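Letters are used for the chains, namely A, B and C, taken in the order the chains are written, and counting of residues starts over at 1 for each.
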Amino acid sequence: MTDAAPIAARGLFKSFGAAPVLRGVDLTVAAGFAALIIGRNGAGKSTLLRILAGLWSPDDGAALLFGEPSAALPPAARRRVGLVTHQSFLYPNLTARENLEFFCALYGVAGAPEQIARWLERVGLAVAADDRVRGFSRGMEQRLTLARALIHRPAALLMDEPFAALDAEGVAMAAALIGEALAGGCAIVLTAHQPLAIAKLEFALYEIVRGRLVARPADGGAEPRGAIDPRQPAA
Amino acid sequence: MNKIANLWLGGLTGVLMTAAIYMTFVYVPTEADQGIVQRIFYFHVPCAWVAFGAFGLVAIAGIFYLWLGQPVWDDLGYAAAEIGMVFCTLVLVTGSIWAKPIWSTWWTWDSRLTTTLILWLLYGGYLMLRAMADDTPQVARFAAVIGIVAAADVPVVIVSVRLWRTIHPAVLVTRQGGHGLEDPRMVATLLVALAAFTALFLWLLMLRFATLRMRARLGAIARGLNLAQAAAGDL
Amino acid sequence: MRKDLRLELRGGESLVALVALSLLILVVMVFALDPAGGVRDAATAAGALWVALILAGVIGSSRVLLAERDNGCIRALIASPLDRGALYWAKLTAAFIFMAIAEAAAIVLMVLFFNLDFDWRLMRMAPVIALGALGFAALATLLAAITGRVRAGDMLLPLLAIPLFVPALIAGVKASGAALAGAPFAAIAQWLKILVAFDVLFVSAGSLLFEYVIGEE
C-alpha cells in the first residue's frame, strides 16, 4: 500500500462520550476501485465517512486522503475530494444553477457555464435549473448534490447513502455517474443500509460490525470472512 | 496536585492574609476624610488587581491552548476564569459597600468601577459559554478565542471609559483618594494586602486547576476502560 | 471569494428584517425617551440610534451571517480548497455591508424622529457610522461563528457581543452626538481614535482566530 492511496484509514478509533463507535478500522481504496460499507443504523457508517472526509477527528488512528491526514488537507488535495453526506451542502436561497456556479468557483472548475449546463442535463434538472433549491423535493436535492460533488472531477469520492431519496430512474442515473467516475480513476467509498445489487458496478463489500470493518463476499451473503483485514478491494 | 506545593501555598496564603488583616485593622492609621470605612480600600484594590490579572491569565492560557492544543492549558484558563470571576464580584461588592457610606449611593459610574463592571460581564460571558456548551475540544477552542478577544478588548474599554468620564465627570467625586497615600504605613499595608490576595488567588487557582485535571484524567481512564471492556467482550 | 457575497445578498429577506428591526427599536426608543417635540437633542438622538443599531445587529446578525447553517454548507466550505482567511474576509464584507445599510436607514429615521436637520452635520457622522459598522461586523462575524455552533447560542451572542462592544458603543455615541451638535472636529476626533483602535483590534483578531473557530470538532 503506497502512501499515495487516495483513501486510507489506519486503526481508526472514535468514541462519543463513553460509547465506542469505531474500534480499529482499517481500509484502503486505490484509484479506480470502490468500497461499499453497509451496516445497521447507528453502526458507525456516517461516523467513518465523516472522519475519512476530515470533518471529524478520530480519537486514535489516522484517516488519510492522498497520503495526507484528512483533517488537515492542503488546499490542492482538497480540490480533488468530492463529498456527499446527509446534509446537502446546498444553499436554499440560491437556484440550482447558482449553487453549481458557486461550487465551480470554489473548486476552480474551468469552463464552468458549459460544465454546469452539462451536469444539470445529466442529473435531469435542466428544467429546474433556475428555481431555488428551497422548493426542491428531496430527490431533486439529491440529484443536485450529486452534480455538486462530481462537477469538479474529484479523484476521491466519499458518499454517505448517495442513493437515498432517489427514484428508480434516479438510482440508475446515479449508478451511471458513479461508474463513470470509477472508470475515470476515482477512488470511491460509499455507505448504504444494505448491499446494493447495481448493475455494472462492482464494489468490495464491507460491513461495520461492532465498530470494525468486516469483509463480505460480493454477493452480500452472510458469511463473515473474519475480522479486520486491510486489503486492496479486488475488482 | 502536588501535596507539598498545596501545603506551602496554603500556608503562605494563611500567613499573608493574617498579616494583611492585622495591618488593615490595627496597624494602619484611620484615614482623615473617610474614616474607618476607608479600610475597605485595602481589600478592594488588591481584589481588583487580581481580577484583572486573572483575566490576562485566561487570555494567555487561551493562546497557549490554541497554539499547542494541550488540554492542560484549557483547564488552566477555565480555572483562572472561575476564580477570577469570584474576585471580580468581590471588587464590585466591596466597591458598593465603600460607596454607600461615603457618597450615600450604592453605585457610582466612575471610570474604574465601570470598567470593572464590564470586566465582570466579560467573565460572565465566558463562563456562560462554558456552562452552556458541551465539553468538547471545539468548545474549548471557542472559549480560548473568546478569552483572548475579551482580554484584548479590556485596554480599549479602559481608555474609552476613562475618556467618557473625563468629558462628563461623574456627579460624585471619584475615589482618587486611593492614590493619595501620604502615610508610608498605608503603602505598606496595601502591598501586603496585594501579596496576600495574590497568594489566595494562586492557591485557589491551583486547587481548582487540579480538580479539572483530575476530571480530565478520569474521563480518559473511563474511555480506556470502555474500549478495553468492549474489546474483551468481543472475540 | 467574493462569490460568498452574492450569497449573502441572496439572503435578501434577512437584510430587510434587520433594517426593519433597527427601525422598530428606534421607535421604541422614542417612546421610551420622549424627546420633547421641537427640541433638537443631538445627544439623545445619537444614543437612541446606537441602541437601535446594536440591538438589531445583535439579534439579526447571527441569522444573517450564518446562512450556511441550514444545509451544512459550512462543512462544504471547510472541505473545499477555500482559504479559511478568505472565508473570514468574505463574511466580514457581507456583514459590513448589511450593517452599513441598516445604519443608513436608521439615521434617516433618527433625523425624522428627533427633529434634526438634514444638513452637513450628518456628513460628519459618516466616518463614525462606517467605523462603527466595521467594528460591529468584525465582532459579529467572529462571535456568530462561535455561538452558531453552541447550544442556546442565540442567547449567548448578545451576552458576549454587548460587553465586548462597549468601547465602540461609548465612542460611537459620543462621536455621533458631537457630530450632530456641530462640535469642532477635535471633539469628534478623540472618539474616532478609539473606534479605529477597536476596529483594528477586532478585524485583526478576527482574521487570526477565525480558523480556530470554524473548524469542526
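In this text, a residue touches a chain if its C-beta (ideal position, glycine included) is under 8 Å from a C-beta of that chain, and two chains touch if they have at least 3 such contacts.
A quick note: this is a predicted structure, and the numbers were derived from the prediction, not measured.
Q: Chain contact topology under the given definition, line, ring, star, complete or other?
A: complete
Q: Comparing B-C against A-B, which pair counts more contacting C-beta pairs?
A: B-C
Q: Any idea which chain sits dead centre by C-alpha averages?
A: So the chain nearest the centre of the shown protein is C.
Q: Where the CA atoms of chain A average out and where those of chain C average out, how many Å apart are those spots?
A: Centres of chain A and chain C (C-alpha means) sit 40 Å apart.
Q: When the C-alpha atoms of chain A and chain B are each averaged to a single point, how far apart are the two points in Å?
A: Those two chain centres are 50 Å apart.
Q: Nearest whole angstrom, what separates the Cα centre of chain B from the Cα centre of chain C?
A: Here chain B and chain C have centroids separated by 31 Å.
Q: Among the residues of chain C, which are close enough to touch at least two other chains?
A: Each of 216-217 in chain C touches at least two other chains.
Q: Under the definition above, what is the set of chain C residues touching chain B in their complex?
A: Within the complex, chain C touches chain B at residues 142, 146, 149-152, 155-156, 159-160, 162-164, 166-168, 170-171, 174, 190-191, 194, 197-198, 201-202, 205, 209, 212-213, 215-217.
Q: Show which residues of chain A lie in contact with chain C when the two form their complex.
A: Those residues of chain A that touch chain C are 53-57, 71, 75-76, 78-79, 81, 83, 85, 87-94, 98, 101-103, 105-108.
Q: Which residues, counting only chain B, touch chain C once they are in their complex?
A: Against chain C, the touching part of chain B is residues 66, 118, 121-122, 124-125, 128-129, 132-134, 136-139, 141-142, 144-146, 148-150, 152-153, 156-157, 159-161, 163-164, 167.
Q: Could you please specify the touching residues of chain C with respect to chain A in the complex?
A: These residues of chain C touch chain A: 1, 3, 6-7, 10-11, 67-68, 70-73, 75-83, 216-217.
Q: What does chain A use to touch chain B in their complex?
A: Within the complex, chain A contacts chain B at residues 13, 15, 18-20, 23, 59, 210-211, 227.
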